[in-house]
Structures are given as C-alpha cells and as structure tokens.
C-alpha cells in the first residue's frame, strides 16, 4: 500500500466527488442550465486522483478542456466551480471562463485550456520558474492521447529534458480524441515510448487503478523534487462519456463503452480494494457517497442562488495595469 | 433553374459535392471529418460520396496547414478544415509565412490552390478560445485572399469560386449561421466571383457596409430604421480581399454616409481598413464620419449576459446610423 | 543628469541591465543569446553580468513563448526574445490565445508580466521571411499591449516601462535601427510610460503620425517640406496600444491635416485603425482626408531595387503631405 | 559499391560542384556582391549528394536556409542559382527570393525555407499528394539538428508514419544550430532515436561518407517507393563555416573546425575511395575540378551580366489569379 488509511479514504472520497460532480454537470447541462459545451471525465478518476494525491498545494497543475476532475483532485472549491459552469458572478472566473477555462492560482492550478496541448509550453515555464526560484515544487501537466500529437508537446518535453525541469507529463490515454481513435492518430501502442525521444523516463500504467497511478506518480514526483528531471506518465484509461455532452458518438460501439463502464470502473475497482483490505465497508462507503452528494447539492444550490455577472463586467479585468 | 431553400451548411456541402465531382484533385483534410461529416455536420454526405478524399488527421494544425500547402504545390487542390478559426494560431506560420509567400518568393513559379475553411464567430457560449473572428490578421497578410460569406447562396457560390481560384483563400464561415436558411440557385455553375460585393438592400440615406454575421445585424437594423423613415442600403462585401471598392464607392456616392459592421473586435478590425480607404478615396462625398460597429475590445467572455453585451447588436447599428444621419 | 549619446542597441542593453539589477525575477529567454549577447549583440554585457538569467533555448518558439507565459504566472518577470519578429507565427497560439487571454478568461485572478521582444523590419535584404512588421496583428488582439520605439531613448524608457508593466507587452524594435545613435538620459529612473506619444517636431501645417522606423522617414520628410515652407508636426506614437489619442487629437486640432506613416504593409496595417479613429473622432477638424504611407502590399522581395521600391520613403511622405496640403 | 563507375564519378563531380559553388558564394558575399545573408554547406556535401544521388527528377525535395548543396545535387541550374544570389532578374525567383528562397519546381525542388523546419509540414503534403495520385514518387525533406526540436517536426513525422507516406526525413546533424551545440539543445546522442517515437525506422550514418549516406538512402527510397512508409535518416556531419558568412563564431574553438576540415572532408574522403578503387586518378580529378570551375565561372559571368529586376517588378507575381 502506497498510503495510510486516512490518505486512501480521502482519495476514495475525492474519486467519488469527481464522479458525482461530473454526473451532476451532465445532468444540468442536459437540463439546459449550463451554457456552452462541457467535457466530462467520468471513468478517468483514477488518473486525476492518483496523480494529484501525490501533490502539495504549492505544486502546479495545468489541465485541459476535460479538467474538472484534475481541479477537484488538486483541491478546488466545488461551489466556485459549479458557479463558473453556470456562468455566475461567484464562479472562479466571475463567469468569464466557463467549464473550459477554470483556474485557481491560489492552489497552483494554472488553468484548464481550450487549446489542446496548450498546457505544455506553459508548464515548462512553471518548471523553469521553479528552477530559477530554487524551490522544491513540481509542475504537472495533463494532456490527452490526441494532444500528444501536437507540436508543442515535442518542444515542451525536449526543453524539460535538457534542463531537467521538475515536470511530470501526464498523458491520459483514454483511447479517443473526439471522434478519432488513438490507434489511428499514432502508430505507437504505448504513448510512454515518446519519452525515449527525449531521453526521459516514461511509464505506462493502468489508469483505472488509482494505486498504480499513485505509485508511478510518487516516483516521478520524488525524481522531480530531487532535481533529477521530468518524467512522462501514461495513464491508460477510457472516455466513458461522449467527447462533449450531446456527442452522437456514431464513431464507436456502445458495447465497448459498456464493457469499460461495467468491468473497469476506477471508482468501483478502488472500492473493492479498500473493502478487501478492510479499510472500507458498504456502510462507510454509502456514508461517503451521501456526504459527497450533500456537499455537491450545497454547491449547486450556491450556484443557482448566485447572480449572473452584470453585462458591463465584461469590460473588467483585461489588463492588470489599465 | 429555380431556387431552393437550404441551410448555409447544406449549401456548403452541395458546393463541395459539385466541385469534388467535377475535379478529382480536390480533397478535404482536417480533424474529425468522417465520423460526423465534420464536427458541425458541415460536410454531410461527402464522406460517403468521396471515400478517401475526406481525410481525418491527428490533432496537428501546423502539419494540417502544411499538408495543404505541400499538396497544393504538387498538383492537388486541397481544402483544409481548421476545426475552429481560433486555432489558426497553431498553423500561423504555414498560412502566413509559407502559403501566403511561396508563390511570390519563388518568382511566380507555382500556383498554390488552397482553401482554408475556418468556422468562426461567437454566440455559442464557447468563451475566449472558441469564438474569435480573426479575418483581419489575414487581410494584413499579402498573398492570402479572404472570404467571409453571410447567406447560404454566398457560402455555396463563394466556396466554388475559392476552390477554383489558384491562390490560397481563407474562408471564414460563422458557426452560428450554419443552420440559417436561404435561397440557393440550383444551377451547378452558380458561382460568385471573388472580389464582388452585393447590394442586398437598396437605400438612399446611409450605407451599411458589412460581411458575415454582421450582414444579418444590418438587415434587422435596416428594418428598424425603415420604420423611422431612414432608408439604409446594405452592402454585403462577401470578399474582404480582393475588396470590391467600386460597389462600396457607388453606394456612398448615393448615400454620403456609411457605417461599417462586423463581429470581430473593433480595434484593428477590417472596419478600420475600410473606413480609412473610404475617407481617403471619398472624402468629399462624406456628409458624416464613417462609424464602425463591432465587438468590444475584450476576449469573448463565457457567461451569456457578458457575451451578449460584448457582441454588436442591431440596436448598435441603429444608434450609429442615427449618429451619422442626424448631423 | 546629462544625456549620453548611444545606439538603440546600447540603450536597450542599459535599460535591461538596470532593471535586471533591480529585480531578480527578471530573466531573458530565447535562441542564441549567450554566445554573442543576442544575434544582434543587443544584450551586450548581460550574459556576463547576469549568469543563468540569460537563457539559451532550443529552436522551439511555441515553447519559448509558453515558457514566458508559465514563468510570468508563477512569480517571474520573463522577457522572451523572438529572434526575428517573423517567427511570432510559430508562437502565435501562446501569444494570442494564452498570454493575451489568461488574465481575462480566469476572471482577473493573475497578472502576466511578460515582455516579448521582437526585432522586426526590412531593409537588410533578408527577404520575405525575415523582414516583416507585424504589430497590427497584436493591436487586434485584446489583452496584449504593443510598443514600437524609434529613438534610442525611447527604446530604453519604453523597455523599462514594459518590464515593470504587469501585462504582456509586444515590443517591436527595428533591426536596421540598432546602430542608430541618440541622446539617452542618464537617470536610471528615466522611464517612458506606456501610452504616451511624443511630439518630436512642432509644426502647424500637417501632422505626421508615425512610430518605429517611420519616425525617421517623417523627420527627413519634414526637413524637405520645411524648405518649401510647409511646417510638419511629427508625432511619434511610441505605444500603439494603449494609444495616446489625446496627443494625436491635439496635433490635428492644430494642423487639421494628417498623414500616417509606418513600414508595415498598407492594407490592414495600424494606419488603418488610426485613420479610422481620426476621421470618426475629429471629422470636423479635418481639412483633408487622412492619408497613409506604408509598404506596398507584397511580401518583402530580396533584390535591392525591388525591396527599396516596396518600402516607404521620405519622398512618399512628402508626396502625401502635398496631397493633403494643396486642397 | 552501391553504384557503377559513371554514377560514382558523377557524384564526385557534383560534390566538387557544391564545394566550389559554396566557396564562390562565400567570396562574392565577402566582396559585397551578394546582398543579405547566406548560409554555406561546405563540409556537408556527403549528405546533399549522397541523398540526392538516389532520387529521380520527379521526386520532391524540400530544403532549408542552408540549401545550395541540396539544390545542386537535385540538378538545379547553376546560372539561375548564382543569378538569384546576386539578386538578378534572371535568377530562379527573378530576384525575389535570394539565397534562402530558391526553388525549381520543374525538377521537384519545392524550395529552400527561411523558417527552420518549415519544410516538414509541407513535405507531408507532398507525400500525401503522391499517395492520393498513386504515383511511385518519393519526397525528401532536409532539416538540421536545431530544426529537429521544433514542433512541426513532431507533427509531420507522426502524420507521415500513420499514413505510410513515401517520405525520407533527412536530418543533417552538423553539431551546431547557429551558436547552439546540438548536445545542449537535445538530450539524445543519435537523433535517429526520434524515429522510434513514430514507430518509424531510423538510421544514423557518417554523413561525410557519401557512400554510406547513399546506401542508407537507397534502402529508405526503396521502402518509400514500395509504399512501406517513411524513414528517418540522420547524417552526422559538421558545419565547417560559420552559421552565416560573417559569423564571429565566438562559441567554438577553431581547432574543432580544423580537425573536421583536415581529417574528415567528405570530398577528399570520396576522392581517396575512388582513387583506391582505381576509378579516379589525380589527373582525372584535376580535370573534374577544372571543368567545375569553368562551369561556375560561366554561371558567375552570367549573373554579373544579368540585369537587376526593375523596381516595379516587385508588384508582380503575388497572385496567380489577380
């Protein structure tokens, strides 16, 4: 076991929180209460929670268009997240960002990104900043299998490697990039093989096994904190929902989706492990789900009751020195 | 041949279908094209009709644009789909330093028949990185042509012209207008030559110069103004480069007043170029300054009340017209 | 304190030296910086003075720009060197979709103190991909500030202001002007605030509105015109965004005539925005149309006779002034 | 031996031509008769000639800012090349391009490029075009060790690999990217290791051994023509001249340069091989050098006598359909 009971139960609770947050978001989107479009990470909780369970509040994370889970796992406030999704003035970004653009710089979340792979060059800057400031922080960037084929990924991994930056490149290979299968867009079986092109350690793990993710991440973080340089971590997982809510998904067989949902659910799998190791009981588990739901209801309530921003607020906050 | 009513999206697909049937060297390259006939369904029917000629790519905008350039230089007539116009930033070198300059740099040795299809515009609550209108960058890049259709018929006629053109053409089509329907001629040879504006509503009091989504704002505003006895002429520019200055000038010689309307943000937008040319070339014709109606100078915010506030509205056009008419 | 005569390049290095001594969070990132103190020698003395703070990178413009963004978000004040302004195309997403939008998108949570140093301009026979002036793209990108100094003192004073500014600043410095000398105040607190234009030559007959290399064309033209009894006022804008419209307006209220001069190509250049604003805001003050003098709308050709033909010359400014004065 | 006597002697003559062309260019640049800046490929003739000796006139080549050698090896006309360097109206690009922008589309040269790595996305398009037109052409892109760290390289190699495009990615590792050593900018010893990231064959050869280059290239071309996909070829060589003519070169020890020049000159090495195999004699060799010099003198003469373009010609040729 890579953690004490308290940590493990906290991780479980966080996974449940991510799952329920995404489920809630899907429902409110379907109900027309969340504008724009949203991308859910249901089925990928092993990655977000396994990775972030190894981080300190002062460590940095850059995330993606599918970033709700990463944010929650890094400690973001549910109320302000839901409020942002609803476009309310009390949201993280005062309603300016929405689902694809949430950040919380107070806990090192450098932001979601609407540009695929947009976080990688940026995380290099965070890593360089850490090195120049001589702290022992680490910087983590999440990106997808689809993102991994964009040029900035290459530039960022190369730069991180020649400078031994304290960065962990976490590619969440959920098999799909929108309508495009990972196997079509790239000729590699394991994306961690890309690490070799930068003389960087690369590891592929079962991303739906939160403890496997955590184990690999702990080693990567240790390396980074010691100044030994970056690591690439591939979490093999699956995108259970459509690319965006409302995706017709003509491109894949729902049977494939169901198998993953039923046979390889990271939350359920972790629950089984905890139960087996007698760290969790059905009763305790239910209590956790109930507590999470209660917390989420409160967040949704907060968002609903919050006002929309005033139209003119659109003109605020563009420049720090106006 | 009689017109049909169809959506801008269907008009695009029909135009592409006709051209691809006519010329086997045409193909479409981009992300997520085959599964749903483009992420907006804009290529409906094409993946089935032209197997192997609608090609899905990895997420690699630089290389997608570059593939368009390389294929155009070697005998093909590629159309590249940029997914969202916001991502031209990821292929900017291939578009502006390669596609735009290659023919000229190499002394005119080659032609580069490339169409870059960019779905653009705001209003979908898609926030700052999925809502931009960036045509002005390319108007400022010698070597590129720039087309921004508004109505369904323009989409079809201009796409066919862009495909047949031997130069790189940036083709911006507004995401919010895909479903908007309009009359489209059935004639398969219906083509709208690049560089021809259209006077789509006659009027004697003021010229509304616009393109893309701005056109519909102008129509609504003209309606409003009509009630108050102000007859606005609506000129749909359709092509920003080459620009049909003759049609613009003719309208202004009649109305002596002009308001320019576009969705791109105000500062440095295409309206600046047009206003600068009008006042320089038609100074003595103007009875009032040329005013611009455009989005406010901020990134597009997510929350509906703010996004609506930032985007230009018919009321803004009405206001600008009154400002130029009541003096 | 008395002025010293120094080159624009030396003024830049001095300004950077002073700021880097004052604030340890400032560093410079880019290609080939340490070996020759920047490929133009523009950072003379800095690699020795600030070891580890002048950082050589691989050829990776996207990541260089992105590093600037990420470092600025995490407590540093980076300056990124783009090598040649032409290559902003390779970091366009990081500049326009990230740096420009991050503060706004995230509701003003952070500041992003980043200076992007871009050596630009033509005249070195460097041809189409190493000679561009692209400031207009960034003027049209909300969230970025745009600075284009001309004289040595402006380079120093504006660089210090840009570094102390908490927003991303695009800083364009003309390659052909590095060696050009001028008076530079010795006062280490000499700073030129962003958004302040300077009337560098007084005149009553016409306002020459310019920036960067255009400033020197205007000085020469003003000389010429003086001989013919036309007194031109030369306004060096220095910062394009924020723009000092008050100084521009004051000058035009005096002269009632304006000519805008820049090296970037005409169509869609900054002159369009300025001309559009002037005629809109000062319509009744104008006795003549606002004319623009700029490079012709082609990529910069290599061969000297053609490059010289494409670039604006003092004679073009004189011609434009006469066109607006003799009516 | 990978070729018959005729081919080998033709290759030798081409190497001499590249060497003498570059020497001439350096001299006329120093004399102020070539405007702008130029980048010479002296010492890299093994790569340009070894690679292009395997190509047909209808094969495509995209080259770089250091492209004179590639152009000559692909069969470009010396007169029009020199004229272009001089900025004359009779040049390949009518004086619009200069050294960094020469092309000859009539023999498949898609152009030099002032943007480092600019040729890679473009060559993917050529490769795709070949595949769509179902010909057996191949497309070759030259790029440098410095260029190899740019994002578009990653995108292009990935795309070429998933589509099995008939492309050979030739990286000329001449140890330096302007003032930056290859060993600083990348953590790999052999750049061909990058090929692994795309499940693409990668070969590193002694780029100053023209026959080794040719051998590796012949195999890559054969694969490509058979539709078996792209190959990455690393030619290890050395940039004997400064990055550009006039480069102060404070960043390197001239001893390093001299060793390469004296002990590892690709032209001299090939001459020795040919002499050893009795395909060449001192006398025959001198005759070749003399013939090349005469040809070059004529080209220079042509350029000198050619007129400059008229200023107004700057406005011609921007659009095909004006």
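Assorted remarks:
Letters A, B, C and D name the chains as they come in the text, with residue numbers starting at 1 for each one.
Criterion: a residue touches a chain if its C-beta (ideal position, glycine included) is under 8 Å from a C-beta of that chain, and two chains touch if they have at least 3 such contacts.
Just so it is clear, the structure is predicted and the values come from calculations on it, not from any experiment.
Shared contacts of subunit A and subunit B, meaning chains that touch the two of them, come down to C, D.
We define each chain's centre as the mean of its Cα atoms; on that basis subunit B and subunit C are separated by 30 Å.
Each chain gets a centre from the mean of its Cα atoms; for subunit B and subunit D, those two points are 40 Å apart. With centres defined as mean CA coordinates, subunit D is found 37 Å away from subunit C.
Chain centres here are Cα averages; for subunit A and subunit D they lie 45 Å apart.
Among the residues of subunit D, those touching two or more other chains are numbered 93, 95-97, 101, 113-115, 149-152, 155, 158, 162, 184-186, 318.
The residues of subunit C that reach two or more other chains are 57-58, 60, 62-63, 86-87, 89-90, 93, 97, 104-105, 127-129, 142-143, 297-299, 301, listed in rising order. In terms of which chains touch, the assembly is arranged so that all chains touch all other chains. Per the touch definition, subunit A reaches subunit C in the complex via residues 60, 62, 91-97, 101-105, 110-111, 113-115, 118, 120-130, 132-133, 139, 151-152, 155-156, 158-159, 162, 316-321. Within the complex formed with subunit D, the subunit A residues making contact are 149-155, 158, 161-162, 184-188, 193-194, 196-200. Within the complex formed with subunit D, the residues of subunit C that make contact are 31-32, 34-36, 39, 56-63, 86-87, 89-90, 124-130, 296-299, 301-310.
Across the complex, subunit C meets subunit B through its residues 86-90, 92-93, 95-97, 100-101, 104-105, 127-129, 136-137, 139-140, 142-143, 241, 264-265, 267-273, 275-276, 279-281, 283, 288-292, 297-299, 301.
The part of subunit D that touches subunit C in the complex is made up of residues 35-37, 87-89, 93, 95-98, 100-101, 113-117, 146-147, 149-151, 177-180, 184-186, 248, 250-251, 308-315, 318.
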